[in-house]
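Below: one structure, written as structure tokens.
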Amino acid sequence: MQKITREQLIEKAVSLLADGTVSCVLGWSKGEFDYDVTPALFNNEEELKANFVFNDFCGVNFSKYLISKTNKCDGKILVFLKPCDTYSFNQLLTEHRFDREKVYAVGIPCEGMADIAKVKQICGDGISSIAFDGEKMAVTTLYDDAPVMISTADVLAERCVNCKSKKHVAFDELMGDEGEVIDSNRFDEVEKLEAMTPDERFAFWQNELSRCIRCNACRDVCPACTCEKCVFDNPNSGVENKSPANSFEEKMFHIIRAFHVAGRCTDCGECSRVCPQNIPLHLLNRKFIKDMNEFYGEYQAGAEVGLRAPLVDYTLTDIEPGEVFDRGDSDA
Amino acid sequence: MRKCSLDKINLVFAEIAKSSALYLPVDQNDGSAAYKKWEEGTVWSNALNTVRSPKDFFFPQTEDLMKFKTSGKNIEIIDTRSEAEDFVVFGVRACDVKSFDILDRVFLSEHVDSFYGSRREHGVIVSVACTRPSETCFCKTFGIDPSESAGDISAWKTETEIFFKANTQKGEELLNKLSSLTEECDETVVNEQKAKINAVMNKLPLKDLNTEAFGGGKTNEFFNSPLWDELSQTCLGCGTCTFVCPTCQCYDIKDFNTGNGVIRFRCWDSCMYSEFTKMAHGNNRLTQKERFRQRFMHKLVYYPENNDGLFSCVGCGRCISKCPISMNIVKVMKKMGGAVNE
Amino acid sequence: MQRVGVFVCWCGSNIAGTVDVEAVSEALKSEPGVVFSTNYQYMCSQAGQDMIKDAVKEHNLTGIVVCSCSPRMHEATFRKTAAAAGLNPYMVEIANIREQCSWVHKDMLTGTEKAIILGKAAIAKVNLNAPLTPGESPVTKRALVIGGGIAGIQTALDIADAGFPVDIVEKKPTIGGKMAQLDKTFPTLDCAACILTPKMVDVAQNEKIRIFSYSEVSEIKGFVGNFDVTIKKNARFVKEDVCTGCGACVEKCPMKKVPNEFNLGMDNRRAIYIPFAQAVPKVATIDPNACNMLKNGKCGLCARVCTAGAIDYTQKDEYIEEKYGAIVVATGFNPISMDKFDEFAYNQSKDVITSLEFERLTNAAGPTAGKLLRPSDGKHPHTIVFVQCVGSRCDACAEKGKEYCSKICCMYTAKHAMLTRDKYPDTEVYVFYIDVRTPGKNFDEFYRRAVEEYGVKYIKGMVGKVTPEGDVLKVQASDLIANKQLHIDADLVVLAAAIEPDKSARPLATMLTASMDTNDFFTEAHPKLRPVESPTAGVFLSGACQGPKDIPETVSQAGAAASKVIGLLAKDKLTGNPCVAHSNELMCNGCSSCERVCPYGAITYIDKEFRMPDRTTKIRRVASVNPAVCQGCGACTVTCPSGAMDLNGFANLQIMAEVDAICK
Amino acid sequence: MQVNEYKPLIVAFCCNWCSYAGADLAGNNRLNYPAEVKIIRVPCSCRVNPMFVLRAFQRGADGVIICGCHPGDCHYTSGNYYTRRRMAALFSMLDYLGIEKERTRVEWVSAAEGAKFAATMNDFVEKVTALGENKRLEDLRCKK
């Protein structure tokens, strides 16, 4: 259950619309089911009252939408940002991807968002309703008469289990209290992999990446993948491809994508959230983040506007490429 | 109608696998299910359905059409076809079975797609009735009965038994192979099953979704609707919906230069992509709104127009559960349908 | 599709020896785009080049692939050939089948196989080449000479002589450098001062030349023709333009015990000083580390005695920014430190000295007014041992000394020995040597005179140990020819210390992005053909900063460097390297990554209006590259995620095509 | 020539100013190294895009080595510093994906180090030969 309520957010939005601070609102719109929310633009109080929702399934990171939406509506656009979204927000500003003047950012607290897949693993398919109630949610299915009580903590999305920060690094206005950067365990999984033998690692990724259907959801949702034209869509790039014809192209796409966002990825976890095949793509990005932290010192993309990413920087005494292996894996 | 105890199901699989490759839904470590080739020890998934639809068996994501071998300035053309193997797809749901009809009308009518065609010929489909429909199911909307699934063989599964009914010649032949493992039986149990399923179907949240508003000849009604802007406004333009969709059939033909030759292959394409149907003059759908509209107009208007009112959606619900922003055909139908009804 | 001509060079037997050139030109005939393929003994010869020109006309070729020696050797040649044939010079690609094939592989089969693949790669690339036209940039018609020794002086004079303004930056208070410290010069034995000081005066009087003495270069930006240099003028606490150099202040200065670096610390100077009588500029300088006034505000005598009122204790370091078209490095050399050579007891005994110190001892303007006296007791030495190759020609593994030959030691030692015997016939003079190297006009004659006429005792062998005992130096050495150990009681031991580049050279090289060898000598653009140019355009080398040299060599190289500079400054425009980066605005995200990695600040951003697909317009920030500033490293191309940034001549697709061809 | 003896395919990206010249020097001094090494000339090691490295593996290379000026000696002052970071990150990622780390390498070879160039190539080819064919980053379509 989120600390902040739908009503509070609507109230805030309505007042900002009323006093002309903003001319439209980027928010979550209710869908067919209680867990089903769609990002949408709201233009007035009626629309907000009718469709705006805020609950434990509002995981979408709005930052990327600002690139296109700031041009869509005249006047400022109100965006509600969860702590992790604010890092993407800053990173996009660092890369001059949207006009800060056209945005009114309201930071909202986040208690972590739920993953419907985890819910279904507990109570099965056929969910007819979800009632949010304190630390728990009451899930009713078509198949049992009594609702199943699930504690939200048990169904948190991976990225929220390993939440890196409850601190808003960018906002015009903050609802709720200032959060803190969290010393998370987000690199544990990466370390597990590093500790494996190369053969085990290869088998692991072979299995994961072989499921990729190249729907591009990971790329298209990623706040760092904002290229006007992606090299993989560009017939003149020499690496364009539409579908993973074989295991090489699966790897190629994900390695290059991870490399292109290396140092720019804020670890918002959207890629893993949207992957229809549940490939743990965040483990690629986190590897880069972890490496760069270890090689070049702690760096959090988006922590501030204008930070110089590790790969566009250097020192005279950086680690040599040949030395990066002498860590983790057993056979090094 | 024949039945066999579920304890013997692996024997059934083994028997089928003797004569041809057998594919069936298998649980994956991420909790979802996917079609895998059966081998000793493979366990049939209880999941309602797979993430990827069984259309892959007849219309794979990528498929080599031919190869050009170049040596210096000489070119030799090599036939790379390999779709002549017999196979059985087991455990296909009613919605997905229906999707084959929709694909057939595209690939097997005028100018038969021989790749698709021969895969269809070599494939036997064993469907199975749904035991636990999901809230995302809306196959009824398209007149599909999940309790009475089609295919070469229809199957019904209870707690303890599985029942088979052959619908086609191919089905008969396969069922005969299983005669030693199965026994003749009447339809009582199956009918109970059907009743159960239908009871659930009438409780589904999307049960009332209907297609009245849509169909052939409605192009002008919908094409210029202002609602498309709103519906498409947050679409990411990814291909998830089209790639998990059992009825999406668009593909692109590309050449891959291997360095010592060229492989001409086809691969799925998505109307959601900016490069979709790119022509010499550029793209004919310039914005995401137009691409978004194309997908739903195709499913709900253009296709029925050319196919005697048959819609090219089967209500499997994959796009509903997989769309990153959960915008989907149901929302489009409700919004659009509602709009014109008023 | 290009129409490519392939030209395989035999390079006599250099290539044809291990590569079946016939087979190569035959095999490449059938490559896509190739319409003509042949081979010839020497493609770089006039006949070979004509062959190419004719082929271009005959087969109207649009691209040329030459399979020959390294592009670093003849790329330019063949580009000219193409141009002469009316082709864009950048439609030429070289397949390096000599340095990187025929010379490194023994077996004909493998050599040929590889040559064919390298040829294919070049063809694959040239198929994607596009005609390139170099951009132009203006030339600032002023030169900077870094270092005011004889090298810098000569270069400056020659450049000024051609009518171009020159600035000399010298870190010491006066120009003159090492030569000013020398006594006589070999092989003519004329006095160094007599030939140097007039030149120093010329410099001072030449209105085209500005001297920044007691100054250093602190920052260098820009590129050939357009360098922006910041010069740090250290505060000397004396107004240069006011000081008359009368020396009254020096007379009065109470701080008398400051080691005199000009005499290598063998005597003392004052806190305020003029290095030597003929210093240029003849201006006093206050040593802030010695001056009481500057250290604790007590004294101020010099200010009081200075009638001109030139003293200014408040003077601050001054930074001067100036534009230059060309930069000459003339940072010179220094003798290496003797600290590591304990066997010669340099640090134990004052009477073990280096040759440069010996120069000062025998110099009329030196600490002993030219009389040869022992530093320890001022007695006249009767036995002098000269030791050669101290720290020169050491083997690589030795933790001390240099691998190279310092070149000048043999001659100046002969000079020292000869002069000593000439002035003081009663002294015994021994010279221990490994080899006596006397190439050069009148050099060997000079050395033989030392031996034959002056009876200098040359002994082939090395001194093993020098032990000070009382007032004698026990010298233990070996005579390799007589094959016996020698024990000499010497009064004075003179070490011919190896010479090394000045310490200021390394940081300067970094500022200039000019490359250096492992010994910190500047590397030349080509060891034989471009000896006075650095690989970095617009940077030239004069004197010992490029390698050990004697005075005549230095002067001639200084002149050569000057002529190169004049050649550059004579141009009004420079045509740059067209292989520069460029950004595809349609794909550029304006993310600034490229700007951050560009070492030349060649990338700037502009807001541009674009027509969006939905027929609206959008202002987007996009990168634009200044082709005059871009040097074409390509750092930006890799940092650009969308691939909007690409590099002319080394485009993504070209390199991938090469990869493909190689991996076929 | 032995037919069945496995010979790896090595793609070497060499910067124009140091390593390519170093390779030339190796030639001038007639220092042998295996013909399996094919050199591609780039202006600076920082021109090498990770896509080129993967491309080489895709097209059948068994090893990829990138040679540049020694850190501090880059003709473009800083290019090789970026190379160092990019390739450190890339190689670490490839290793993370289970691709043999011996297949990729960065070496700093100056224009004066012809001997080092030859020695490096000999060593690299030896290591890659020991590994055998590149299976983990191969694209079967590109195999003959």
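Per-chain residue numbering starts at 1, and chain names A, B, C and D are given in the order in which the chains are listed.
Throughout what follows, contacts are C-beta pairs under 8 Å (C-beta built on N, C-alpha and C of every residue); 3 or more make two chains touch, one makes a residue touch a chain.
The structure displayed is predicted, hence computed values, not measured ones.
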item: Partner chains that chain A and chain B have in common; value: C, D
item: Chain whose Cα centroid lies nearest the overall Cα centroid; value: D
item: Selected interface, C-D versus B-C, where C-beta contact pairs are more numerous; value: C-D
item: Intercentroid distance (Cα basis), chain C paired with chain B, Å; value: 73
item: Between chain C and chain D, centroid-to-centroid distance (C-alpha), Å; value: 31
item: Centre-to-centre distance between chain D and chain A (centres being mean Cα positions), rounded to whole Å; value: 37
item: Averaged-CA centre spacing for the pair chain D and chain B, given as whole angstrom; value: 46
item: Contacts with two or more other chains, residues of chain B listed in rising order; value: 256, 259-260
item: Where chain C touches two or more other chains, by residue; value: 597, 639, 652, 656, 660, 663-664
item: Sequence positions of chain D contacting 2 or more other chains; value: 50-51, 55, 59-60, 72, 78, 82, 86, 139, 141-142
item: Chain contact graph, described as a line, ring, star, complete graph or other shape; value: complete
item: Chain C-touching residues of chain D, taken from the complex the two chains share; value: 1, 9, 11, 16-18, 20-21, 23-28, 30-33, 35, 38-44, 46-52, 55-56, 59-61, 69, 72-79, 82, 86, 110-112, 118, 142
item: Of chain D, residues touching chain A in the complex; value: 50-51, 54-55, 57-58, 71-72, 78, 81-82, 84-101, 104-106, 136-141
item: Interface residues, chain A side, partner chain B - complex; value: 31-33, 36-41, 60, 65, 72, 117, 121, 124-128, 142-143, 211, 213-217, 219-221, 233, 235, 242-245, 270, 273-274, 276-278
item: Interface residues, chain A side, partner chain D - complex; value: 190, 193-194, 198-206, 231, 238-239, 245-246, 248-249, 251-252, 255-256, 258-259, 262, 284, 287-288, 291-292, 295-296, 310-316, 318-325, 329, 332
item: Residue ranges of chain B in contact with chain D within the complex; value: 256, 258-260, 263
